[in-house]
Every structure is written in structure tokens, then in C-alpha cells.
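Scrolling down, you'll hit the structures one after another.
One chain, chain A, appears in both complexes that follow, with chain B as partner in the first and chain C in the second.
Now for the complex of A and B:
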């Protein structure tokens, strides 16, 4: 296990090296002035330029520039945003929790709904229930998420008027910023309208979560169903049946563990798709997260922000990937073998 | 007493080209305390018969029989739940790939302990856990595994195939079954381990009176450890009877060919003479000949062989052939 961990971390180092190289080279690859791209300042006079060139070590060779870049990233100097002229790290810190919150709830929802449905579908593959679950999963899988989101907004927000269509919380409620995670902040805050605020925040959360959870849920249903069907054909299930265990016992003691272990790995693999979809969802629901911010930055040609967004999101995806791999190895004895 | 009494068992598979008959009217019976070998080439349907007895064939296979009795109860007429209870109580089975028949993600101890039925643990419920563990260790000792501590804590992939098969046997005998079905138990093992396992099975048969149905394609090892023998060819039962008598005086040309192809049974075979073998190879299930399925390969085939021969009987010796070999041995 220690060796496995070591090997994984070693591998991750190279991935991060490649990622930082890409992020660094973006400063040159983006159109425009390198000093502007790095610092985020729009108007630079001659004396300031001299200073910045010296600070970014642009007069030195690429290797030294890269090392200086790494040093700045580690120390939190990520430059300014073209659009707001605010430090990028501050902006990211404000926006990232919103995205994480949305993604986490969507992922959780996809487990709660997807895994039981997948198991049911695997047990009744030929019945109406199993077939309709598979059909629904297929439809959800191929549903364009922006269309689905707009459809839900039209129905629940415009036609019925029961759910809000944009934002994280109503403008009436003032929630002191604490961690950036809305529900946690509300529960933490010392305010008299906590109940109402919580209710309002949950209402805001519902539609985006459902929209974002649609795709991972369908993936989960299909994956769990296939894994379960596959496991059910294995010899050890036959052995367990021949031991005289009933169906429930076989499922609980041998089926579930073997079928659900690959699901842990699936989380990591699905996470990048989830983040991409979260960007779309954030745009549709005006959710103040990092995805919407990144897309806005792309429209505004806000190069320093694009660079920072790339760095943050990729790091997050890689880290989650690695974490699930390690968790998988921790729970699955077969993965530790090598 | 007759434990298992099967008459005209037919197992068919639904395919795109219609029903394929993988096992064609096979009869098989087993007395208490008897060891019977089931011999045939791969694809002759011997594993299917075993799986049909235990009831673990999946739904694509259709099983029909005139009689499918276990201790006088017709298994095919019982509900699947009743059937599972009877089989779970009385019949145990071990498979040819032991490491794949053990749950890869559970330690051996857990899997072995769950095979021990509650009624064999006499003690108050709060001592069940300890009793179970003790019984599991005892079972491992019985099958000849000495380092029980290490084995109980291991995952299947950490053990050799031989140990895994011993664990399978330990799991099988945990419930004191009346019948143990061993489906090619030694194919994946080394030859010294093979002999050990056969001796183990034989000793359980002699000490506990447990019947054993030994399925294999190796005639010589089966012949050494069994009292009765059934020979299958391509899903048809060609010959059945006392092992010794059958080896001495086979009545069916296929059995004869099978015996002649094993050098151990031919002590006076001169050096470098080619071994006897039937021409051709076993047909695929989609293209089996009508009538006696050995027909095109049989040295004695005549016009009548396009009709399936009925199972005939000479004392305790059953055979299905229109032209049995009677001259042999006389």
C-alpha cells in the first residue's frame, strides 16, 4: 500500500509539472503583450514596465522565467484580472466554493438515485421496470443540458412560479461570508432569519442541482447496472448461491461490494465531465461559480483569468482523480496487488 | 438408498438459430456413499449436468427431465426457493477454477465462515462468532491446510490455486453435505496437488459416507478414485456402469477408444506405437449429427446408427449402441 501510494504521488508530480508548463506557456501563447498577460495591468508606462520585466525575470531565459512563475504561483501572486483589476487569487477563492457546493450536491444526488436504480435495473433486466429505467437513463444521457435546464426554468420558474431561476440566494437575505459554502454559512451565521434563508437557499439550489445531476445519474445507473450484471455472472456468485445463501444475502455480502468498487473509480473519471457541465449549469442559472466566471473571462479575452481558471480547475480534477484512485486501492484488495 | 435419480435429462440453449440441445436425454443415478465419475471431452455437457443439479444455470438454458429426483422429491417441480433450501442443505459443489470461485474482495475467513450453517453451531448466540471461527479453523485442518491463521486472513489472489481449491473443499464440506459435486477440480493444479485432492475427496467419501460426483476429462484419474463411471459423448450418455467392469469390458466403441487412448491402461503397448484415436473431432453443438452423435466417427457405424440407440442394460452395465462390442475380453 505504501509503495502504491508512493508510485501514485510520483505520477501525479509529472502531471502537475506538465500542467504548470502549459499554464506558464499560455502567457506567451495568448495574443498581446506578455507583460500585460502576466500582470493583468492594462495601462503600463515605461518605468513600470521596466520594473515588471525585472520582477517577472522576462530578461532572463525561459527556465528562470518558469521557475519565477512557479514561485509566484506558490506564493499567491497570480496577477490581476483584466476585467475587475482585482487580484485573481481573491476572486477564485470567492467563486470556487460555489462551484464545489453545486458539484458536490449533484454528485451526491447522482449516487442516491443512480445506484439503487442501477441495482434494480440489473435485477429485473427483462421486466417493465428494468427496461423503463434503462430507457430513462438513455434519454437522460443524451439530453442536452442547457436545453433541459431552460425547460425546467420555463416550467418551474415561469409557468408555475414556484422556484427561482437564478442566483444562489434571494437578495433579501444578507449572509456574512464565512467559508463560501452557502448552506454552511447560513447555519453558521448568527442571524434571526436563518430558517427563511435556508429555505430560500435550498430553493435556489434545487433546479441547478437537478440539472447538473442528470448526466452523472444516468452514467451511474448504466454503470452500476452493467457492473452488477457482470458480477452476477461470476463464479463466486454461483459458489455463494450453492452455499445456500439466499438472494439478498448474496447481493449484500458478495454482489454489492464487487459491483460498487469500480464505482469509486468512476467518480474520479466523471469529475471532469461534471465540472464542464457545471460551467454550463452556472451560466444557465447565473450561479456565481468559477465556471461562469471562466466562460465570461473567455468572452472578455481576460487572459490572466483564463490562465488562473485553467490552473485551478485542472488541479482540482487531477487531485480528485488521484484521491478516488487511492480510495479505490484502499478498499479493493485486487488493485493493491501490482 | 438412491440419492439422485435423473432420467432423460435434456438441457437446451436458446440461440438465434433455434434450440441447441447440449445435453440429450442423459440418465444418471447416485446411491448414498457412492463415488461416480462423469467422463467426457470438453463440450460434452458434463459441467452443464452438474450445474443443472445445483440449479445455477442461467435463464437461457432450458432444463427438462422425465425424472429429476433428489431423495424422492422432484426438484424441477419445486419452487426455486424450496429447491435452493434443499440444495443448500444437501449438495455442495466445487469448480474447476477455484481462484475465480472465491470472492476476490473478501478474505478467506469471511467466506469460509459464511458457509457454516447455523444449526451446526451448538452454543448460545453470543458465542457463535468464536465457534464459527473455531469451526473454520477445524475445516482448514481437515482439508490439510496447516497455517490456518495466514490463510484465513488472506485474499484469494494471495493464495495458490491448490490452497484455493482446498478452501473450496472446506467450504463444501462445512455443511456436511450428502453429495459433493466436483467439476474438474484439478485442472488448474499441479500434479502432486491433484493426487492430494483426489485422496482428500476419497477420504471424505470413506469416513463420512459422502457421495461424490467427480467430473473430469481425465479417464485415468477418475477411474482410480471412483466406483461407478458414466461416459458422455457430445451430450449423450454412451455408457455407464461399475468402473472396473467398464474399463475391463467396454461395450461402446467410444468408451473403447477412450480407454485405448490412455497409455496407463495398456501395459503391453510396444514402444513408439501410435496411440489409438478416433478419426475426426467432436462436432460443434450447432452441427451435431442426428441419431447416435458418434456416428460419423464410429468405426462400427452402420445404417441403423441414424436412429438414436436406446439405453440398454446388461446387469449393472448400461450402454447405448446398436452394435455393442461383445467380443472384447472373451
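Now for the complex of A and C:
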């Protein structure tokens, strides 16, 4: 296990190295002036430009520029946003919790719904229930998420008017900023209208979470179903049955433990897709997260922001990937070899 | 007189025929295949089958409702948009943008993936290990983020997003093909063929490719559904197909302002995207099951 851990960590360092190289080269790849792209300043006069060139070591060779870039990233100097002229790191810190909150609830929902449905579908694959679960999963798997979100808005917000269509919480409620995670902040805050605020925030959360959870849920259903069907064919299941365990006992003691192991790894693999979908969901529901901010950055040609977004999101995805891989190896000794 | 068979005959059909037999037994897969062929034919013949010019703006017929509405015209089955362009013709034309370009994207990614995957799969040691790590990085960057970065560098447009999606799809192809080749190389018949004096190229072209094409097809169908969704999503965000082009995702975002006036102009293009992706997924699932059953029999 220790050897495996070391190898994984070494690999992770390599991946982060490649990522930082990519982010560094973006400064040159983006159109426009390199000094502007790095600093995020719009108007730069001659003396300031010379200062910046010296600060970014642009007069030196690429290796030294890259080292200076790494140094700045580590020390938290990520430059300014073209649009707001605010430090990027501050902006990202404000936006990231909103995205994480949405993604986490969606992932949780996909587990709660997806795993039991997958098990049921695998238990009787040829019955009506099994077939309709598979068909539903197929439909959810094929839905274009932006259209699905629009349909739900059209129905629940415009036609019925029961759920809000945009934002994280109603403008009536003022929640002091604490961690950035809305529900946690409301529970923490010392306010008289906590109940109402919580209710309102949950209402705002419901539609985006359902929309974002649709795809991961269907992936989970299909994955768990296939894994269960696969495990059910194994000889140890037949042995367990032959020894006299009934179906439920076999399912619990031998089936689930083996079938659900790869699910841990699936979280890591799905996370990248989840972030992609979260970006689209945020745009549709005007959710003030990092995805919407990134897409706005394209419209505004806000290159420093795109670079920062790449760094943050990729770091997050890589870290979660590694974490789930290590967890998977921790539970499954067979995976430590590969 | 019906044929009477006394003896059980050995059934030696070609793998392709066996596959087709297993595929044909699944109704949902066949339905998906017909839809798929339909979309394919329409995307090829789009300029010939549109009833009206998809870009012609008729001033007298702005925002005509669909023909099932009392105010609609039978010549315009889905009505017209706010510039008086026929929606049916635009959707037919959009098939070649969304579906056709997705096909081209996947074909391009598949070819490049085959080349790189073969190189990675046949090489050993440090070279293959470095390659792997770079791939791991590319796999972790979310596809939309990658597309956004590419669009930021080379600008928006349908062709540019095609390149972006091709690049975003590439890592999974290379990864899958490399693993498939790795698995093949372990087989005994590969060693036997090598002992007969075959070089790398012989092994690759005569043994490996014929044995992994099934996996390739499944990978390609999965990538195709992703490509359709990505092209539509980028079109919806305004990074993909630009103003006059009637790409389905772009059509949805065009008619978003009219969602109260003409909800069908949002609903129908979305339904088309959904149907196209569903048909691809049905075919992909059917193929997967058919291949599994053929292997078992």
C-alpha cells in the first residue's frame, strides 16, 4: 500500500507539472498582449510596463519565466480579472463554494437514487420493473442537459410558478458570508428568519440539483446494474447459493460488496463530466458559481480569468480523481498492482 | 414443403453475420438503427429535401405557429421564427450541422486516436509511460473547459468547436485503443505470429485491428453521443455555430427570448437533439449486447 501511495503521489506531481506548463503557455497562446494577459491590467503605461516585465521576468528565458509563474501561483498572486479588476484568487474563493455545493448535492442525489435503482434493475433484469428502469436510464442518459433544464423551468417556474428559476436564494434574505456554502451559512448565521431563509434556499436548490443529478444518476444506474449482473455470474455467488444462502443473503454478503467497489472509482471518473454539466446548469439557472463565471469570461475575453479557472477546476478534478483511486485501492487490494 | 433437417448442422457464419443476427433480435436497437439511418440520410441530403430555403426571411410570415395550431399554415409544419424563416427547413439543415458535424468529429478523433493509440500500444518503457501520464492529464480536464480554452485561443465558430471537441474526445479514444491493443498483445496467437517472423506492422494490421474493431465501434458510438451533446451545448452557449447557421443548440438559444410566444421553437430542436442522441445510444447499447451474446455463443 505504501509503495502504491508513493507511486500515485509521484504521478500526481507529474500531472500537476504538466497542468502548470499548460496554464503557463496559455498566457502566450491567448490573443493580445502577454503583459496584459498575465497581470490583468487593462491600461499599462510605459514605466509600469517596464516594472511588470521585470516582475514577470519576461526579459528572461522561458524556463525562468515559468519558475516565476509557479512562484506567483504558490504565493497567491494570480493577477487581476479584466472585467472587475479584482484579484482573481479572491473571486475564485467566493465562487467555488457555490459550484461545489451544487455538485456535491447532485452527486449525493445520484447515489441515493442511482444505486438502489441499479440493484433493483439487476435483480430482475427481464421483469417489467427492470426493463422500465433501464429504459428510464437510457432516456436520462440521452437528455441534453440545457434543454432539460429549460423544460423544467418552463413547467415548474413559468407554468406552475411553484419554484424559482434563478439564483441561490431570494433577494429578501440577507445571509452573512461565512464559508460560501449557502445551507451551512444559513444554519450558522444568527438571524431571526432562519427557517424561512432555509426553506427559500432549498427551493432554489431543488431544480438545479435535479437537473445536474440526472446524468450522473443514469450513469450510476447503468453502472451498478452492469456490475451487479457481472458479479451475479461469478462462481463464488453460485458457491454461496449452493451452500444454502438465500438470494437476499447472497446479495448482501457477496454481491453488493463486490459490485459496489468500482463505484468508488466511478465517482472520480464522473467528476470531470459533472463539472462540465455543472457549468451548463449554472448558466441556465443563473447560479453564481465558477462555471457561469468562466463562460462569462469567454464573452468578455477575460483571459486571466480563463487561466485561473483552468487551474482551479483541473486541480480540483485531479485531486478528487486521485483521492478516489487511492480509496479504491485501499478497499480493493487487487487494484494496488496496476 | 418446408425444409426438414435431420442432422444438426454446424453453423459457421461470419462474425459480422452473427453480430447482425444478435443485433436484429433487439427491437429497441433496431428502432435506434432506423432513426440513426434516417438522421444520417437527412444530414447528407439536407440541401435537397428542405421544403423552403432555410435562410429565406419572409416578412409576411413572422412567428407563424405550427400547423397543428388553428392559425398555422400547412406549408410550414413547424411554423416560422421571428425573422420569418421556415423552422422545418432550418431543422433539416441543422441535422447536417449537429449530427453531420458530430459524425465528422468522431471520425477524425477515431482516426487520430487509432494512430496515437497504436503508437502508444506498440511502444514500451519510458516512452509509453510518459505518453500515459500526458493522457491522464488530458482525461481529467473537463471537455467543456477544454473547448472553452480552445475557443478562447482560436475564436468561436462551428469549425473551431469541431476541432475543440475532436481534441476533447481524443484522449479517451487513445486510452481505450491503447488498452485494447495491450490486451491483444498478451494473446498466444500474437506470440505465435511473431515467432513466424511477423513484424509490428503485420501484427497490428492482420491480428490486432480485426480483433479490436468491435471495441472501436462501441467507443465511437459513445463518443458520437457526447459529440452531438457537446456541439449542441457549445452552440447553445454561443461559442459554436454563429448567427445564421441553424445548428440545433444555437436554434434553442435563438428562440429563448420567444419562450412565452413560441414555446414549440424551443421544444422541437431540443427534442431533435434528444432523439438523435437516443438513437445513437440505442444502437451503441444494442451493439454491446450483441457482441456480448456473440462471444458467449
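Just so it is clear, the second predicted complex is superposed on the first by the 336 of 338 C-alpha atoms of A that agree within 3 Å, B and C clash if a C-alpha of one lies under 4 Å from a C-alpha of the other, contacts with A are read in each partner's own complex, and residues count from 1 in each chain.
Everything below uses one rule, namely that contacts are C-beta pairs under 8 Å (C-beta built on N, C-alpha and C of every residue); 3 or more make two chains touch, one makes a residue touch a chain.
Note that this is a predicted model, so its numbers are computed, not measured.
Trainee: According to the stated criteria, A:333 is in contact with first (chain B), second (chain C), both, or neither; which is it?
Mentor: Only chain B is touched by A:333; chain C is not.
Trainee: Can A:244 be said to touch chain B (first), chain C (second), both, or neither?
Mentor: The first partner, chain B, only.
Trainee: Let me test your reading of the model: by the given contact rule, A:147 touches which partner, first (chain B), second (chain C), both or neither?
Mentor: second
Trainee: Which partner chains sit in contact with A:272 here, chain B, chain C, both or neither? Use first/second/both/neither.
Mentor: second
Trainee: Once the shared chain is lined up, is A:257 touching chain B (first), chain C (second), both, or neither of them?
Mentor: In the superposition, A:257 contacts chain B only.
Trainee: Per the contact definition in the header, classify A:309: touching chain B only (first), chain C only (second), both, or neither.
Mentor: In the superposition, A:309 contacts chain C only.
Trainee: Which one hits more chain A residues, chain B or chain C?
Mentor: So, of the two partners, C touches more residues of chain A.
Trainee: Contacts for A:168 in the overlay, against chain B (first) and chain C (second): which applies, first, second, both or neither?
Mentor: neither
Trainee: In the superposed arrangement, does A:280 touch chain B (first), chain C (second), both or neither?
Mentor: Once the two structures are laid over each other on A, A:280 reaches chain C alone.
Trainee: Please write out, lowest number first, the residues of chain A touched by both chain B and chain C across the two complexes.
Mentor: Overlap of chain B and chain C footprints on chain A: empty.
Trainee: Can you list the chain C residues touching chain A in their complex?
Mentor: Touch list, chain C to chain A: 28, 133-134, 136-137, 139-145, 148-149, 151-153, 225, 229, 232-233, 236-239, 249, 252, 256, 259-260, 263, 266-267, 270, 273-274, 277-278, 281-282, 285.
Trainee: Okay, in this complex, where on chain A does chain B touch?
Mentor: 233-236, 238-246, 253-254, 257-258, 261, 332-334, 337
Trainee: Can you check the complex and tell me which residues of chain B touch chain A?
Mentor: It is residues 51, 54, 56, 58, 81, 84-85, 87-89, 91-93, 95, 97, 100-106, 114-115, 117, 155, 157, 168, 171, 175 of chain B that touch chain A.
Trainee: Residue numbers of chain A touching chain C in their complex, please.
Mentor: Of all residues in chain A, those touching chain C are 11, 14-15, 18-19, 22, 26, 29-31, 135, 138-139, 141-147, 150-151, 154, 158, 272-273, 275-276, 279-280, 283, 294-295, 298-299, 301, 303, 306, 309-310, 313-314, 317-318, 321.
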